[in-house]
Structure formats: structure tokens, C-alpha cells
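Same chain, two partners: chain A is paired with chain B first, then with chain C.
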Partner chain A sequence: MDPGLLAQYVMNGLMLGMMYALVAVGFTLFFGVLDVIQFSHGDVLTVGAFVALATYIGLRSAGISSSPILLLAMLVVAIGAIATLGLLIARYLVLPLRAAPALNTLLITLTLGTVLRESVRLFYPQGADPKSFPALLPTSSINLGQFNLRLDNVIMLAAGAAVIVGLQLLLNRTKLGLAIRAVAQDEETARTMGINFTAIVLFTFALGSALAAFAGIMNGLYYNEINFGTGLLLGVIGFSAAIVGGLGSIYGAILGGFLFAGLQTIGAVALPFAGAYKDVFAFAVVIALMAWRPTGLIREKISERV
Partner chain B sequence: MRRSTTSIPIRKMLSATVGATVLTGLLSIVAEPAFAKDTVKIGFIGPLTGGNSAIGLGGRNSADLAVRLRNADTAAKYNYDLVGLDDECKPNVAVQAATKMAADRDIIAAVTHYCSAAAIAAIDIYHKFGLPIVVWGAVLPDITYRNQYAEVHRVNGMMINQNETNTELVSKLGYKTFAVIHDTTDYGKGHNQYFSQALAGKGGKIVGTFGVTADQQDFTAELTQIKALNPEVIYFAGLTPLAVRIRAQMDKLGVRAVFDGTSGIVSDAYIQGLGPLAEGTLAFLEGAPNAKLPGGKFFMEKYAAQKYEGPPETYGAFAYAGMDLVLNTIEKVGPDRRKVIDDMAHVKDRDSIVGKITFDDHGQNTVAVVTRYVVQDGKFVEWDDSEYASGKRKLPGQK
Partner chain C sequence: MLPGAAALALATVYVIALLAVEKQPLVIGLLALAIVAVLGADRMGLLASVSRSFAEREDTLGALAILAAFVVAAFFHDNHFVLLLVVTVLIYAVAALGLNIQIGYAGVLNFAGASFFGIGAYTAAVLNAHTAVPHLLVLPTGGLIAALIGSLLLLPVLRTRGHYAAVVTIAFALLFKTFLEVNDVLGGPQGLHVQGMNIFGWSLNDNMAVGDIDLSFYLGYFVVSMAMLVGAFVLVRRLVRSWIGLNLDAMRLDETAAGCFGLDVARWKIIAFTLGNFLIGFAGALFGMVGGFVAPNNYTFADSLLLVSILLLGGIGNPWGLAVATFIVVVVPEKLQTIQEYRFLLYALLVIAVLLFRPEGLLPRPMRRYVAGWRP
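Moving on to the complex of A and B:
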């Protein structure tokens, strides 16, 4: 295969993997801290992308046309709004259901996802139609044979990596991160040590949702298009990636995300028949992996004392 | 014979009641002309939610327009009540909607389906329950030609003619290499089949065929492969949401080919979703544009007067014509499903806003005209009227 072509596939896979990893990290955070599967995570991503688009349209009509300012404003507004949304979801939907079976929380977040998705479709003007997302990053590119190396892709990859590294630093090097890990490990003891449990949970949900908003904007910038169904498959893939990587482990989520993207790309390229089966291939491999390692590729190092 | 044991006051009450009922009955028969007309229910099914809802709602509004105009007509024998259901452009939901509509014996006839995948799943239901329907937007030939169902009719054209015209144009323009992207529903697969057949006789070569799911978001893998194959034209068989994504990602990956689409992408949503990227897209549609239809001006005026929330979109005129035909038939033979089916078997040269409607032995209307469109300056412009035809602008790779 032409090296340029191979490089293009690798780049496609990396971009996809980055987005899946960001979504998977969110799932893993929620599960780690509260043992809940927040199934509306993908649709929270969609809402984030639409909030960013609405901000862009608002600012453009106010006369602002500088790309860096627009992008910064979109990021700030979308991340702020979606962090608040995550906080509200935690406060009013997830925390009150802690005493109930975990299935109930899964169900309620699943239906919330549908509500969010349909709300975008109904209340955003012509929400059912695909929307053009502006290209705010520099679009210059270098042609290396078959490979079109775009500057905006490189920037997005770097930004995504920076966000993940930043998250790791937050979790491992700060007191806040310490508190989050403590709550994830043992809620009772963490409380005994004086950690404000509710505050930590709310913060974690806000953080995970902010990551989703960032991923949503990245999605929009990458494809130059968003629609109300964007988050649906992303949520499912992100969740599968988090599980296959090891639910509760950040590294596992990242690994799972890139692994899934790699499988999809291999499926699309290597399968002799229609590339429409690439998802079938990828999910089939995920099922096989989970049969081999049920607790995920990177196992949680904590064991529960009965 | 036993003597009646009913006491006298109750017997008096009974006879009074019977007498009152008979009197009321007589009065109502005599007084009928002064009362309201009987209400007849007719149905509409289309994609009212989801990515194709713009076209579905446009069709529903157009059918509603036909009903309103009929209800405003004092010479009409019945008062009509439109029952609208959503098929979400999904076969499983379409079957549920079709069953609900067909099982309701009060609904005499219906105008149904824009999505071919939905229609082909639902026609068996209409046949089973004996509900006469007129398809207003689905183009898959199998819908009318797979079976001989007396219940199923269609006012719009089919994809065979569309692809014939399509391949004629692109061959005339000198394009030789094609890549096909089609969605894996019956709609996309049907188009792929007919396009390939029509192209075979004209010397074009298909360098690759890619099937994609109807809700797919990422096409970088397919488009990277297509870039390596370097076709001059990408033929896309699918609906607007996918078309917008594919065209946007084509630009991202630097794939410079003509984007050649089907009737599924002729919609305002396509232009709005892409902005300037839509420029130079080819598309084909059965029937003439609304302005050039025999009843086009009338339809557009009446539609605008009702102040619906959205435009009639591409197939609104056909939905109107289909509903109008159904209403005319019910006026003629009465609100009876069997009689409507029998009368619709003999539709020949009936006037409508889309021209004369004639159903063949499979209930299919012949729509001879296929309009060729190209997107120019944010609008679907007829090919012959465009600057691409005159040579002032050139499509990518046009000689």
C-alpha cells in the first residue's frame, strides 16, 4: 500500500480515536466515582456542539468575525453550559437514585438522552436538518503524496492530547484529584476523612460533561457538520471503548477509544466486501475481547473487601 | 302465556322512551340537510421526525392543504378529517404506522410514504387490510411492481427513469470513471442497481462501490479509498443527511470529484447544511419543478396562503395531487374502501396539478419528465438554464 495512503488512514484513525477516547474518559469518570453508567453522555456531547454553534451564530450576527475569538468564546460558553448541565443531571437525576438498583440510573439516563436528542431536534430551528459547522481552525495543508496533512487536524490532535494529559495531572497531582480518586475507591472512608462527597460527585460530573462538550466541538470542527444524531453512536462507541479498556481506568478509556477507531479503520480498509460492515467487525472484535478479558484490558487494581 | 310482571309505571316509562327515540329519529331524517355533513377520515404517512422530516412535513402540509380546500368547498359531499402518522423513514416504524392506519376501519384511504425503505415494508400491510393508498414520494420500482396489489398506487415517478437521465447527462459531459456510494437500504441499493445498469451501456466505468449505513457519521475511510481510486464523479444514492456529511468530508479530505446525487438530495436542507460546498452538485428529480407544473402556480399560491411553517419541499406537489385524487374518488363512489380500490383501478388521464394521472395495471403513474438540476449559487437550478450548461461555469473535470 502507498505510504501516503497508509498515513492518511492512520490520521483518520487517530482523529476518530481521540474523539472516542474523550467520550470514553467521561464514561469512566462517572463510573469510577459513582458506579453509574451515564447513558446520556453522547447526547450531552450533541447539546454541547449545538450550544457552540448557536454561540457562533450569535457572535457572528453581532459582528465579530475573528476566528480565534469566536473559537475561544464557543469553547468557553459550550463548556460552561454543558458542565452546568452535567451538574444538574448529577444533582437531580443521579444522586437521588443512588439507593436504587444501578439499572434504574442507567434507564433514567438513557431516557434523558432521548429527551436531549429530541429537544435539539424540536427546539433548535430546523433541528432535524444537518447543520454546517464553521471551519475556525487554519485550513492550510501539506500534500505528502496521497496524504493530505491538514494543520487543523494536527491542532485538534494536540489539543485533545493536552486535555487528556491535563486531566491526568488533575487526577494525580492535585488535592482535588486525590479527593476524586478517594471517593472512587471507597465512598465511606472518603467521607470519614472529611471529603465533601456531594461536591466531589457534582464536580466530577461537571468535568466529564465538559470533556463531552470539548469533544462535541472537536467533532464539529473535524466534520464541519453536526446533526441531532451525532452523539447517539458516539455514546455507544464511547461506552464500549470504556468497557473494553477497563471501566474505571482513565488509561483504559483512552486505550479503548483508540483501539475501537483502529478496528473501524482496519475493517473499512481490509474487508473485501462493503465497508458498511466495519462497525459489525469492530463490535465483533470488542465482544471477543470482552469474552477474553471480562473486566477490561486494563484491570482496576482495587479489590472490594467483602 | 304468563302475564307480564313489569309494573305499570315502568311500562309507561319504556313506551315513552321508545316513542321519543322514534320521534327523534324521524326528526333527524327530516332535518338532515340542515345538519353537518358526514365526516370521512383519510390518512397521511410520511417521515415527520428524523433527518428527512423537512420533506415529510412538506408533504403532510400539502396533503392538509388539499383537505382544507376540499372542506372549504360547499359542493363537497363530505367533511374530511386528515389523520397524519409518522414513519420516521424506518421500515419497522412504517409497518406499525401502516397497521394502525389500516386497522382503523374509519380511515377510507391514505397518501403514504416518501422513504422507499419504509414504503416497501408497509405495502403488504395495506394489501392485507384492504386500505387503498397512493404513494407520494418513494421511488423504488418494486413498490408497485413487485406484487400485483390492487390497493397500491403511486403518483410520482420511479428511479429507473431518473438514473437513465442521470447517466445520459454525465456521459454526455465526458465523464468516464465513477465511484458509487450508496446507503444499504432498499432505496440506495435500488439506485445502485439501476445506475450501474444504465451506465453499463454508455461506456462509463465504476471503479468502486461503497455501501454505507443510513445513519453513518464518519466517511473518512470510504473517501480515503475513493481518493486513491481517483474517479471523476462520485455518484451518491441516498438521502439528504448522508449527502451533506459525505460532501463536507469530501472537501476535508481533498477529494475533487463531481458530486452526482439522486432525488433524495433535492431539498433545501442540503443547501443549508453545506453552504458554498453545495455548488456544482448534480441531482435529478421526476416531474417538473413546482413553477412549471400545470397547476404549480395555483398550488404555490394556496400553500403560501395557509402560512405553514415550512415549504412544500420537493414532493409536496405530488402529496397534494395524491390526496386530491383520493378525495375526488371518495366524492365519486362514497366512503367505502372496496369501491375506492375498484375506482382507482380505472384512473386514466385524470387532471391534477402535476399533470394528467394515469395508473397502469400496477397502479403506477407514468411521469415522463425527469428534471436535471445543478446547484448554482445556493439554489437547485435546472441544468438547461444553468451557467454550467452554457459553459460559463465548469464542473470539476468538465471538458
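Moving on to the complex of A and C:
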């Protein structure tokens, strides 16, 4: 295996891992504060990507063509819109069902995902076709021997890492983060201590959804294409990654995301005759991991002993 | 018994009407009428008395229901499309019954129902094409293979709880579809052709004629799937009323307490999971033969979700509610042809509405009756 190809695979794996990690962190955040799995997270990501695309088209037709401004505008609009969407989902669909059995919340978020996906397919002009996403990052590449290090990949990796580090800082160094962690640990005590439970939950959902929008834009920039079905698989993979890493732990989610990407890459590399089996391989390993560590790799602090 | 029989008669008339009309405004009108009638009946407490009457006189009403189904089939004896719809409803109902044993009685989450359905169908495809196994035997073989493959998931399913358990079956559902798509031996994305059913020389895929009356070939399949549904229904009802059902209920409601009372939780979960998969695979094998072909696209995670929402819509744990919900889920999208494009969207919105406003489903499971003649 020549080092150039290997480096290419590694880069690919890192990018995928970053995207999965961002989605998985969203799942972990939602689970942490409300004990709920928000299955529509992946489709929220798709909506974010489409909102960004619509913003781009709108701004281009208004005459703006400077890439940094376009990118910035897309980020701002998509993140703002999707954060609002996340907030609305929490307020009207998840919070009212807190007393219901967990299966109901699971199903309602799953069907919400279908609603979002179908809405994009039906109401966006020619929504069923894949749409090309503009390449707004510099496309030059640095040549390192047999391997071309693309600049836009580096920028995206750095941006993703920065977002995750920023999230960690938010959670660990700010009062807001402290409130989120308190609510995640013990709702009643947090309320007793004067934390506004509803506000924190809504904020967390908005934050997680904003992360999804960012991941959606990253997805679009990386593949130069988006379609209405992207979110479903990304959502399930992100969910599996969060579970494997251990729900409720941000580090677990990041670990799970990169682990899943790593599994896919190993599958693609190690089975050269059957690269298409990489997903089968990755999911099979996930199932085996669940058999070995039923509560995830990084155990929840308090969990049922199995 | 009267409320139940009256409800059955009304339902039969309505079903015939709904299946017969073609014009879209009529269909929408009929559906609106049904919604209003059901809501009104609920308000007046009629639904509860129908439920009670079904619980008390189950055997008689069951026989009447079978008769009603045959009446419907006789009415549409030469209409291929309607009969195919009816057969699909019957087969999906059996699969939903299998899923019900897992989720509704034992509390074992299974989000890969469509995958096991597909395993049964693919087994039928392969066995029919390459072996001389009699087709009636292919059906339970499909169930067996589904149960066997399901047993691969037993260890993770037993060791996990709640959301973690959900991941195992979701991962399997995705894995299964991808596996089928990339595997050329099993036909790849195009799938495989399935030979029609052939019982003792009578090929079910040929049209029949009795005297002057032309009969659609789906009537043969109707009889077979009706027999399967009745068998599965009786099995499930007997199971629930027996000590096995008691054990499953106890396990679902509180595992720790059940364990303290001496129930072997692992053993019952294994039994429920395997039995459910067997039923689902059984139904899948028949479905493969009815449809004539199997393809990975029919057995995706979304289809598994469809089965789970059938369970939820009908009322988890109530086989009668399940039958009604299967009918609604299969027939309504087919009838509303003008909004074919929007049917997934509308269907999803319907499920959300049900979850928000009536989470117990259409016909919630009645309380267990320990003593004959007891009324709540």
C-alpha cells in the first residue's frame, strides 16, 4: 500500500470522523439533558444544508460573489435557522412527551425525521435530485510527495476541531455550561438550585441543532453535493457512534464518531475486493461492541449493571 | 356480543365501500366519515363496549370476522388490485403480530422487523428457484431462517437495555439492506425473482374459473394468507392468555421484580424474540411468493419503522387493534392516489398526531381478565 494512498484514506477517515463526531455530539447533548434520542437530528442536518444552499443561491442572484462573505452568510443563516428549528422541536414535540414511555418519544422524533426529509423532497424545487453544493473554500492543494493535501480539507478539519474545542470550553468553563451539566446530571436538584430547566433544555437543543447545521454545510462542502437522503444515514451513524462511545459523554461521542469512520476506512482498505461491504463491516462491529460493552465504551456514571 | 357483531358488520360494509370506490372525492369523503364516526363512537363510549364485547366473546366474533373477510373477498372476486391489497394487509398483519410478541408483550425492542420479513422472502426466492422443497414447507423454513439469523443478535439484545438495545436492531436493519445491495449472489439491487406458490400441483399463479365466474388468482393466495393469519392470531391469543403471556407481561413491566420472582428473564426474552422472528419470516416468505420478486429496497429501515408504527397506531399489545391499523396503513395510501407524492409526509404527520394526542393507540390493550365473566 503506497503511502500516498494510505494518507488519502487517513484524510478521508478524519473528515468522515469529524462529521460523525459533530452529529454524535448533538445526540449526546440531547440525551444528556432530556434522556431523549432525537432521531430527526440527521434530517435536521439535511435541512441545514439545504437552507445554506438556498442562501447561497439567493445571495448569488443578488450579485454577491465574494466567497468568504457567501460562506459566512450561509453559516450564519443556516445555523440561526436550524437552531430555531431545534428549539421548536424541543418546545412542541419533545418536552410535552417527557412523561410518556421512551418508545413514544423515539417514534415521534423518527417520524419527524421523515416529515423533514419528505418536506425537503417535495417543497424544495426539484428536491428529489441531488443538488450541487458550491465549492467556497480555496481549492489549492499542497503536494507532499505522492499525496495531495487539499487546503479546503485542512480548513474544514481545523474548523471542526475548533467547534468541538469551543463546545468543550462552553460546557466546562462557563456558567451556562455548568447549568447544562447540572440539568444533565439531575433535573430536580438543578431546578431546586434555581436553574431555568426549560430555558436550558431549549438552549441545548438549539446548540445541538446548530452543530448539525455546521456538519451539514461541511458535508456539502466536502462532497460538493447534497441530497435529501443524506441526513438519514448520517443520523443513524451519528447515533450509533454516540451509543458506542457511551451516551452522555462528549468525549465518548467524539471517540465513537472517529471510531466509526475508522471502521469504515479499515473496511474499505482491508476488503479491497469488496469495498462496498465497509458499511456492513462497520455496523457488524457496532453490534459486537454493544454485546461486549452494553452501555458504551465510556460508561455512563450511573447505569444499570448488566 | 351484539356491539362486537354490529361493529364487525359495519366495518365489513365500510371496507367493501372503501375498496370499491375509485373517485378521489368519494375516497376522501369516506375517510373523513370514518374519522368522524370513530371519534363520535369514542365520545359516546361505544368503542369501549365494542372492545369489551370482543374480549368476552372472542371465539364467536373471531369466526364472524373470518366470515366477514371471505365476504369481502367474494365481493371482489375478479379484481386483482383489491385482492392484492387485501392479501398484503393479511400478510403484514401476521408480521405485525410477530413484532407484537417482541415489543408489545416482552418489551424487546426490534427495529429490524422488515429485515426479518426480507429474510423470509429471500429464503422463499432461493428455495423456490434452486431446490424442490414443497412450497408449503418453504413458509416455515423462511420463518426458521429468520429466527436463526435473529439468534445472532441475541447476545447484544440480551445485554442491552432501552436506547442501547434500539441501536443493535437499527444497526442490523441498515447492515442487512447494505449487505443485500452489494451481494451479487442474492441478486444485488435488482433482487431476485420468486416462483409463485404451487400446492400439490395447483399453481396459485393461474387464474381460476368456477363455471361462468372468473376468479382472480389472488384468491388462492387469499385463502393461504387467511389461514396463516388465523393460525398466528389464535397462537398469539392463546399465548397471551396462558402462563407464558403472564411471564412475558411481568418481564416487560418490571424486569427486576420479575427476576426476583424467579422468572428467567433471559430465557423468556430469547423465546419471545425468536418466536416473533419466526412469525415475521413466515409472513415474509409468503409475501415473496405473492409479489413474485424480492429486492433490497423493499426491506429498508423505513419499512421496519412502518411496522413499528402499525403497532403503535393500533394499540401496542392488542391484536385486534393491530389488524385495524394494518388495514389503515396499507390501504389508505393506496386509495389516496391524488396525493401519492405526499403520502409519506401525510402518513408521518398522522403518526405524530396520534403520538401527541392518543398515544395509547386506536384500541388500547384491555386489562387482563383473570376470572371468566369479570367486568372492569
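Just so we're on the same page, the second predicted complex is superposed on the first by the 297 of 306 C-alpha atoms of A that agree within 3 Å, B and C clash if a C-alpha of one lies under 4 Å from a C-alpha of the other, contacts with A are read in each partner's own complex, and residues count from 1 in each chain.
Just so it is clear, a residue touches a chain if its C-beta (ideal position, glycine included) is under 8 Å from a C-beta of that chain, and two chains touch if they have at least 3 such contacts.
Keep in mind the model is a prediction, meaning the values are calculated, not measured.
**Q** Where does A:279 make contact in the superposed view: on chain B (first), on chain C (second), on both, or on neither?
**A** After superposition on chain A, A:279 lies in contact with both partners, chain B and chain C.
**Q** Contact-wise, after the overlay, does A:37 reach chain B, chain C, both or neither (first, second, both, neither)?
**A** A:37 sits against chain C, while chain B stays out of touch.
**Q** For A:111, select first, second, both or neither according to whether it touches chain B, chain C, the two together, or no partner.
**A** second
**Q** Tell me which partner A:64 touches in the superposition: chain B (first), chain C (second), both or neither.
**A** A:64 sits against neither chain B nor chain C.
**Q** Between chain B (first) and chain C (second), which does A:8 come into contact with in this model arrangement: first, second, both, or neither?
**A** First partner only.
**Q** So, A:151: does it touch chain B (first), chain C (second), both, or neither?
**A** After superposition on chain A, A:151 lies in contact with neither partner.
**Q** Looking at A:295 after the superposition, I want to know if it touches chain B, chain C, both of them or none. Which is it: first, second, both, neither?
**A** second
**Q** Once the structures are superposed on A, label A:165 by its partner contacts, choosing first (chain B), second (chain C), both or neither.
**A** neither
**Q** Under the contact rule defined above, give the chain A residues that sit at the interface with chain B and also at the interface with chain C.
**A** Shared contact residues on chain A: 118, 232-233, 274, 276, 279.
**Q** Touching chain C in the complex: which residues of chain A?
**A** 31, 37, 93, 96-97, 100, 102-104, 106-108, 110-112, 114-115, 118-119, 122, 232-233, 236, 239-240, 243, 247, 274, 276-277, 279-280, 283-284, 286-288, 290-291, 294-296, 304, 306
**Q** Using the touch rule from the top, collect the residues of chain A that touch chain B in their complex.
**A** 2, 5, 8-9, 12, 15-16, 118, 121, 126, 128-132, 141, 143, 146, 148, 150, 222-225, 227, 229-230, 232-234, 264-265, 268-269, 274-276, 278-279
**Q** Which stretch or stretches of chain B touch chain A in the complex?
**A** 49-54, 184, 209-213, 215-218, 220-222, 224-225, 227-228, 240-241, 244-245, 248-249, 251-254, 269, 272-275
**Q** Chain A touches which residues of chain C in the complex?
**A** Going by the criterion above, the answer is residues 103, 109, 153, 155-156, 159-164, 166-168, 170-172, 174-175, 178-179, 181-182, 301-302, 305, 308-309, 312, 341-342, 344-345, 348-349, 351-352, 355-356, 359.
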